[in-house]
């Protein structure tokens, strides 16, 4: 399995956020997307997920299910959690598990350490706990491609450790991860640096962004 | 404002729960006795020469109308307690009174409708008094909607308090304007519920039933306040549980 | 559980737990109907004549109220994004949400209509006619409203704009709904004709609504 982007460009709010983006990520690899705020990290992830149309270029998923769109074979974890405050932790996770294609809810909850709170309405969760619940959703439903937008935000040290374990496990099983992150890079991740403000990184003369090892 | 120590002690929620638990049985017994007396008197009261026995619906209709207003007065007093003194029991008192007041107002409307049916041939007319009670009922429903919609109890209490006080000022104005509207459109006869109902043989049972219903309100209100306090405790415990899990 | 059942169950659960939406809709309906006599006077004969029309207007406005929450709450917490990634066509997901919304918002109005008919001095046959036409016509209101909800999702103050967009589209539903209701008493127009057209409008909207809403949302959630 391989995901390839050719000449991607994206316009948000009348402003060109990035252009001429190329990358290729193979199975078992993680692409870390870095750059300053406003550089288009979130936009790129949303383009890959199919939530925003690119203004130019295309995305190809090799080796996936030809019947499904890229978004339907990916987990998108954005800034928001998509959990309803009035449903319990368990109800929220079961719903997404059923809706996204079925999976193991109980073990996922246990893995992220939220078992004790399974019957608590989600409105009582802290930001860190909600993040963990998002991670549980990643674990509950099997999808090859993960699109993570600043997954470590709101997580404490233990949570960061959990995230690192989950990421390593997924990549180890042959999954692909595209993650926008601030801060230090995990080992063994390719990096895609977005320069921001529509400008290009590197020599600034229009050379395409390439994924560097 | 200086209050004796004992009154302040009464005011803290846990003291209140303990005290109300002791009061409840007595209050329930008193209410039952009052209804027994009032009921017997109502049964023995003479029939109206025109309306027959249906006039006795008045013994429910009038007290519930009175209680609909009374509950709003209680809510207004509680609203002042919330806004001016920030008293925790005031929040609870206001929230507990709202459904009870709504229920009494609804019963008033329904009994009025049933009473009117034999006289008017229809279940509803837009006469001044019934219409005013209907508007009061709509205001109550608005209060219930507010309580239900706002999550945070403190914010909810303050919002409802403001609405209650605005309503309290407005209710006399609404009543006046509805009566004016009604006279404006008066081509037909004036529908008077109850006519000349101030004969002493009717008045005494009416007063008894009024007292009985008021006691009923107090009993229900006290019980509702206790429930609300317990509900809030539960919510706090859930919050603490989540916090504890987060720290673990 | 299939994705469709899961989505339907979730939306029904949310509507019941939050409670506000459905009951506030009925409350609004009640208030609008109460306002009518204040505006036109308490003459019972007049109220009987315009009663069906007033009930339809009230139901129409009350349905409109709840519509902006249909998609807005999912948009706010990111659920709408994830709806795109489900194993269910977006059109079907939107149709399911609209159906859940209809069940919890419009059906209470249909149930409340007979009670309000009493306030407007309608006779039983008029009241039954109004209730039936509302039952048949409110799906059209909801599913066309779905389009408005999609058009205005993410906009601040979207609710008012939604009303402006949707009300003209709902005029046919109102016309045939009132015609069918009045036909039951006035007998100038047969009841069946307008009722069947109302059914047709609802069936058409069941398809048009979700398709148009999905196209709108696909333009790019920002």
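Note that the chains take the letters A, B and C in the order they are written out, and that residue 1 is the start of every chain.
We take it that a residue touches a chain if its C-beta (ideal position, glycine included) is under 8 Å from a C-beta of that chain, and two chains touch if they have at least 3 such contacts.
Keep in mind that what you see is a predicted model, and the values were worked out from it rather than measured.
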Which chain is most remote from subunit A in terms of Cα centres?
-> B
Could you name the chain whose Cα mean is nearest to the mean of all protein Cα atoms here?
-> C
Quick one: name the chains whose C-beta contact count is the highest of any pair.
-> A-C
Centroid spacing, where centroids are CA-atom means, of subunit A and subunit B in whole angstrom = 55
Geometric centre distance via CA averages, subunit C-subunit B, whole Å = 33
Compute the distance, rounded to whole Å, between the mean C-alpha positions of subunit A and subunit C.
-> 38
Two or more partner chains touched - positions in subunit B | none
Multi-chain contact sites of subunit A, meaning residues that touch two or more partners = none
Residue positions on subunit B within touch of subunit C in the complex are 113, 122-127, 131, 134-135, 138, 141-142, 145, 148-149, 181-182, 184-185, 187
Seen from subunit B, its contact residues with subunit A in the complex are 151, 238-239, 241-243, 245-246
Subunit C residues touching subunit A - in the complex, by the definition given at the top = 1-3, 5-7, 9-10, 13-14, 17-18, 76-79, 81-82, 84-88, 219-222
Would you mind writing out the residues of subunit C in touch with subunit B in their complex?
-> 19-20, 23-24, 27, 30-31, 34, 37-38, 41-44, 47, 118-119, 121
Contacting residues of subunit A [partner subunit C, same complex] = 12-13, 46, 49-53, 68, 71-72, 74-76, 78-84, 86-87, 91, 94-96, 98-101
